[in-house]
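First up is the structure itself, then whatever we jot down about it.
Think of it as A, B, C, D and E in the order they're written, each chain with its own count starting at 1.
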Amino acid sequence: MNLARLKKKSYPYLFLAPFAILTLLFFVIPAFATIWMSTTNLDRKMKADFIGLGNFRQILADINLLPIIKITLIYVFFSLILTVAFSLLLAICTQYLVKNKRIGALYRVIWLIPSTMPGLVYVVFWKYIFNPTPGGFANKVIMYFGLEQPVSWFNEAGLLIIIVAGVISGASGGMILFSASINSIPEDIYKAARVDGAKDRSIIKDIILPALKWPIMYVTVTSTIGLFASYNFILLATGGGPVFDTTTLALYGYQQAFNRLEYGYGAAISVIVVIISLLLTLLLFRIFDFNKLIRPPRIED
Amino acid sequence: MNLARLKKKSYPYLFLAPFAILTLLFFVIPAFATIWMSTTNLDRKMKADFIGLGNFRQILADINLLPIIKITLIYVFFSLILTVAFSLLLAICTQYLVKNKRIGALYRVIWLIPSTMPGLVYVVFWKYIFNPTPGGFANKVIMYFGLEQPVSWFNEAGLLIIIVAGVISGASGGMILFSASINSIPEDIYKAARVDGAKDRSIIKDIILPALKWPIMYVTVTSTIGLFASYNFILLATGGGPVFDTTTLALYGYQQAFNRLEYGYGAAISVIVVIISLLLTLLLFRIFDFNKLIRPPRIED
Amino acid sequence: MIKLEGISKKFGDSTALENVSLDIKRGEFVALLGPSGCGKSTTLMILAGLLQPTSGKVYFDGKIVNHVEPKDRDIGMVFQSYALYPHMTVLDNIAFPLKQRKVKKKERHQKAQEIAAMLQIDQLTDRMPSQLSGGQQQRVAMARALAKDPLFLLLDEPMSNLDARLKVDVRDEIRRLQLKLGITTIIVTHDQEEAMAVADKIAILQNGKIQQYGTPDELFMKPVNLFVAHFMGNPPMNILKCDLLRNGNERILRGDGFDYKLLSTKKLNTEFKGTKVALGARPHHLQISKVQLENSIPAKVVLVEQLGREKLIKVMLGDNENTTNFIRILSPSDLNVSYNERVYLTLDSEAIHIFDEETGKVIT
Amino acid sequence: MIKLEGISKKFGDSTALENVSLDIKRGEFVALLGPSGCGKSTTLMILAGLLQPTSGKVYFDGKIVNHVEPKDRDIGMVFQSYALYPHMTVLDNIAFPLKQRKVKKKERHQKAQEIAAMLQIDQLTDRMPSQLSGGQQQRVAMARALAKDPLFLLLDEPMSNLDARLKVDVRDEIRRLQLKLGITTIIVTHDQEEAMAVADKIAILQNGKIQQYGTPDELFMKPVNLFVAHFMGNPPMNILKCDLLRNGNERILRGDGFDYKLLSTKKLNTEFKGTKVALGARPHHLQISKVQLENSIPAKVVLVEQLGREKLIKVMLGDNENTTNFIRILSPSDLNVSYNERVYLTLDSEAIHIFDEETGKVIT
Amino acid sequence: ACSAKNNTGKETASAADVQNKSNAPKDAKTKEIIKISVGEDDYGARMSNYAAAFKALNEELTAQGKNVEVVADILPAVGDDELVLQAQAGQYRDISMNSSLDIGWELDAGLIQPIDWLKESEVFKTLPQNLWDIMEYQGHVYGAIQDMDASPLYINKTALKTLGWSDADIEGLPDRVLKGDWTMEDMLNIATEAVEKKVTKYGLVSDGLDNISVQDINNQMMGFEPYDLEQSKVIFDKKGITDTYSFWEKGIKSGAITKDFAALEDVGFGYFVNGDVMFFIGGTGSYNSMKEAYGKTDKEFEDWFYANSTFTLIPAGSKGGEPGSLANPRLYYVSSKVDEQKMPYVQRIIELAMAPNLQMDHTIASGKLPVTKSGQEDPRFSDLRFLHDVAYMLDYTKVRPPHLAYPDYLKQQIKGLEAIMVNGASAAEAYKLFEENYKQNVDQDQVIFR
């Protein structure tokens, strides 16, 4: 009897086990290896000597650290706010406001376009559009309207372009999660709200948003983590330049590791990135009152 | 009166308009530009002459085309099946089977780990683990257990490793969407099913899966599209080699465009990728009976 | 005040309402009655503006409101499914309509708390809806509908999960508020006693069509057809198929196993020339006697149910064991009859109804 | 057969059930009655194994089943919220429990269709639950519970959305099936007439505690306390606070505005020494007369409600305009009284109940 | 392409031969197989030159009657990181190719060994001395250079004429540059004048900010290479660097250099061909790019080119200084794990791959110059008028030092340039940025600060 209960309780874990092992192998071990690496002076010669917190000391002394952290925070903050706001807006518009479900669905499908093409293609085109020479599309346009000098878009507004493009391509995931959650609110609730005199604004604020609390938390947390860790996009678009003006912490770590081939130093930066994003995650959990969100199960046994 | 109704009907579109314009600028125009580019011989010289379907004719004559398409289909098919199956399994395990919601949530959070670190870090480590020489970790393990010869993992099982790693890192998005949908099934329904004698298997099959139809479709479609379009991961892991053994169509296009700098040819391949993924999307819509999924609104006006 | 004119509603192929017309005066309390699935909820939804009629017009105060938004109709509504806001506390649920009116927080919470007290849920205002029992949820829904002192109150089975005592309390409260504020109220209920107790007028629906619309007494005393007669009253009116035999001034109803002579004072519709009729008699209009009386109908007791202060006795007419001619009689508790006992039924000619069996229309 | 032993259930701080014990024999039909929020649904959930009691034991056939899975308990259940499977047709919903028993598709569909016909929803079996009216959904839930011929049937307000006529039909069908198959049935209902009509035994709950458990007659005739007395019967029993004056053999109940002399045959519990009592009299045990009789109580008519075959008359005792001493009386329709009319009430000493006002316990 | 344990170079065709090898003389039928692993690099004609070398070596061996066969084992090209990882795991490339910059760290990481035999090699006899310098590090030869580039200054002749230069002035310009009479400053002045007078839209354009042509300018402005060969240290010279940055600052301020300097990378050729550019600094390969931008036949372009432009070495930074040219050649390296037995074969492959005609094949395919005089004597070379005309520059061409601290030097130097060009920093600010970042990134023992 007791054995049977044990068996019953444990079998979902058995299901999860092989995946846990794979995760371990593919992701957790590398994570720990990174931590180990951050305490060595591993470089292109691929010889690793333990140097303790040397790398971290060096990072703290790094003259670029402060400006880079500032840029990172700006980048993460605005990307995050915009991604969440934007995917919420899209989801609410297409799932609730646009009453014709067909059009809403169509619009959402259009948002899949960004994912049908390799990201690099876009970057190439943005580079073309925002090419700082007079031959660039945006410059052609503004010069057509009378501006004399071409604008160095990526230099003047590199971070902005990166954020906007990142937000647009990043919003679709959140949008879908939000859409699904909005969709699962029973119609009766909307009906009641409409009868109770609620305008769209109030329905969104009082009915839809509370139902999205959990998805919003999820998107916020994963976006925060993802944004802190990502560099690919910036690397392609501006390479972090000019100077360090669009270099985020993760990109800096990448450059240290893979351009300068200072793996140890790069790993140490990665570790710092992870620590910051974990701290922020905990903070977000607090803000969203995570414990309350995990309701106790109503089926008991 | 009529004007007011028109206003009411149109204002969600007004909300969407700026985003539509951004999408247009950032994504739709590049998409069309790619199509245009595919009809030119644009290359490193950055001069584009219209050559009609020349690139496409050349692609059809490309001796690598058939094997690459075969690899692409294998890659997409298995990645897709595994990603969907895997994220479903994870979602069901952590959201339904594991009754302790706290543990389930914890487990899901662990799955965020892969996204906290730059992807490249992982690739480097996989390369270390699956190093083909006797010094590689995996080889050390199998040789410890008595195997004589080291295994060239990436050669023997490159596609497999790529698929597995891709699936593990790709499953978390779907898992969360599925989790949210499972979470929104009213508890009463589970209770009823349990009283009606349903075992977990039947609850999953008859209650949970039908409720996940839409999310599954969404994940399937976006994964299909995404998998067809992605190459980043393979590029980092194997670079498409040995020979063309892990080269997918998108990677081939990338290589043509950015290694050989044959932009026109690369764009033409991209266009073919897009066409194939759109066709498959339509097929999937049919399979999932898309029209039925878009229920008519129950609130009328 | 409220007027439905030729309203029809189809869901795909199936017709939920067919040519429904209804006139409701300001401050009236109207009950919609009818069997399950007859279109009661649909009617309310159309009145609320949550469903669009397939055809027909809805007037409020003489103005067509077909396209007026629900929020602009000043309605309080209790949904059959309650439709509480799951993410709000009970208090916020009740106060929500007031919030929409920009009533200040303190004020609306106070008002909500008052109404909660009226419905005996003031202890629960901090809970979430999921932490309430069914009846408690239903009262929250009611409180929410009442909170804003609406012009119209649409109540869809608002007390189906309340016990009898509470139901009377709540009903009285609604009635009180309704009278005080002159709220035009439409209540859907399956309980005709409730309807008769509170409603000024009752509309009886069947298959999406209105059968009769009138005061409770009218419906009860003068049902226009078999359906209404059978539907009103609990236990339902007994209906017996008979032949109407006209013998000079004497008219005899002959059914399976009985003959019953109508009193000469009982008037029948002279347009009716047929013979196939249905005799309707309410259970408490029948008396049971253990001895045979004049013009009484012999029967055999089949079932005795104790209903508290009365007994419900089911008897079989005639001696045919396979008959389907059963009759239910309500009699005082002190009547002692037992299973299979032979009894005699007498009924008052004035209290019976006779219907054309074919069309169902009343002919008395 | 089924036994609850000292069951308590807490949700966080609030106690839903407190030390509930109950014995139910095989094949018995038991009704749970009680005011909204008293713990009826919670009791059913615990019986079904969907909630774990905070303390106490559940026995089925003498075995402790606290940790037996719901699916292994062989229960058919109707949830208060219906809990239909939204993604299945009505037919599949009904057939679902059979599917779990590996009954072949054709067979289970046939069975489902039969039960649907029994509950008059056979026309709707192709629809999805969302396309049904409330009452139709409720019948689907009932059909699903019955489909597998379960050993136990747990019904949580299964007919709250059905009209009276249908309710009787469904009730009869359940009763028939239950008797035929010997299904042990527990029904939660707010309708004590329904409970009295069908149940072998009734348990009355209040605030999570069982007040009385017995046959309908027992509860009606011999309520053990004020609560049960007041709760059973509709309209409820009239309760009047009085002082019990003992004057030799004469015992007089003196209330606000009246004196009533108890017949000498009426026995009181000799242990009761106090004077504060409550007098209980059911509305139909009071007679109204327009002239003063011996031992009658003067009153003034406040409200007259037409209930169909009877009138519910509300009167005020005494002349104090601010009194709260109201009494409801059920009288035949033909009694004509009007608002503010002065009347006299007589009541039968045998039919009244006297309770200790402090403890609520009966002392007759 | 999987082979992991062939680093001793010997592998026999069958197991039976293992016994034969030690005692019996070589059996005519079973040849000894020597597998030489080569890192893939299919730019130009490199791979086909390898193939030809292997073929030639086998023919030689047969001719010598040796019972040996060499087999190429082509291993895919990899990045530096993986090169090390693979080497550490035991998978070496017997012959690999990398930039001349990489000698230092590859040696440090134990990947390569000295190949001083090169000094005796026939094919390298006619290699100019400055190219020998490239291959040497700490007194040994480590790499075998296999192609070469130069960085000419392309000049818009038409524009010069518009500015009033006579044909004779123009013709004499390369000589003045050689003598150190016409300097960078002169160039910048003319560029400024051209832009101010709207003769051309751009004064000075290059093939990219992080390309060697820009480093060439920097070196010229400093008047030296930032490297001390003897101490084997990088020189961080405050004055030189400040001068360089001042040059750029002045260029930007005067409009001779535009803010989008870096972005002109891909379009500069076309602008030059359109006549919009006064001076263009690129590699010899830029000629090909211009040709493609021009879009007509080789001959037509050549005619246009010589009619409308001219070219010189990069002028000296100050009067009397030396003109210069910078290149980034790739060298053949030999793995440290190649043993004595195998080395002769490896040596021979490298020598054969450098056969004059093969050098020329590569030149035709890549636009880079043959390195040895003998290579330049190939009759096909004189047909390539431009390449032929710039060949003299090889004598002035230098490469960047193969020093560990040098890559960071370059990176941070460019950051300073970006600051000037994009963010409008002054030369002093740029210097500060450079200095701070460089100091924190390198081991200061490796650098002479002055």
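Worth a mention:
Assume a contact is a pair of C-beta atoms (placed from the backbone, for glycine too) under 8 Å apart; a residue touches a chain by one contact, two chains touch by 3 or more.
Keep in mind that what you see is a predicted model, and the values were worked out from it rather than measured.
Distance from the centre of chain C peaks at E, each centre being the average of the chain's Cα atoms.
No other pair of chains shares as many C-beta contacts as A-B.
Chain A and chain B have Cα centroids lying 17 Å from one another.
Centroids of chain A and chain D (each the mean of its C-alpha atoms) stand 58 Å apart. Annotation: 42 Å between the Cα-based centres of chain B and chain E.
Computed centre separation for the pair chain A/chain C is 59 angstrom, with centres defined by C-alpha atoms. Multi-chain contact residues of chain D, defined as those touching 2 or more other chains: 49-50, 69, 81. For chain B, the set of residues touching two or more other chains reads 191, 194, 298-299, 301. Chain contacts: chain E has residues 81, 85, 88, 267 touching two or more partner chains.
On the chain D side of its complex with chain B, the touching residues are 45, 48-50, 69-71, 73-77, 79, 81, 83-88, 96-97, 99-101, 130, 144, 148.
For chain C in complex with chain D, the residues that touch the partner chain are 11, 33-37, 40-42, 80-81, 131-136, 138-139, 156-157, 160-168, 190-193, 196-197, 216-217, 220, 230-236, 282, 284-285, 305-309, 312, 330.
Contacts from chain E toward chain A in the complex involve residues 80-81, 84-85, 88, 105, 108-109, 259-260, 263-264, 267, 407-408, 411, 415, 418-419, 421-423, 433, 436-437, 440-441.
On chain A, the positions that touch chain B within their shared complex are 9, 11-13, 15-16, 19, 22-23, 25-31, 33-34, 86, 89-90, 93-94, 97-102, 105, 107, 110-122, 124-126, 128-129, 164-165, 168-169, 173, 176-177, 180-181, 183-184, 187, 190-191, 194, 214-215, 218, 221-222, 225-226, 228-232, 250, 253-254, 257-258, 267, 270, 273-274, 277-278, 281, 294-299, 301. Contacts from chain A toward chain C in the complex involve residues 186, 188-189, 191-199, 202, 206-207, 210-211, 213, 298.
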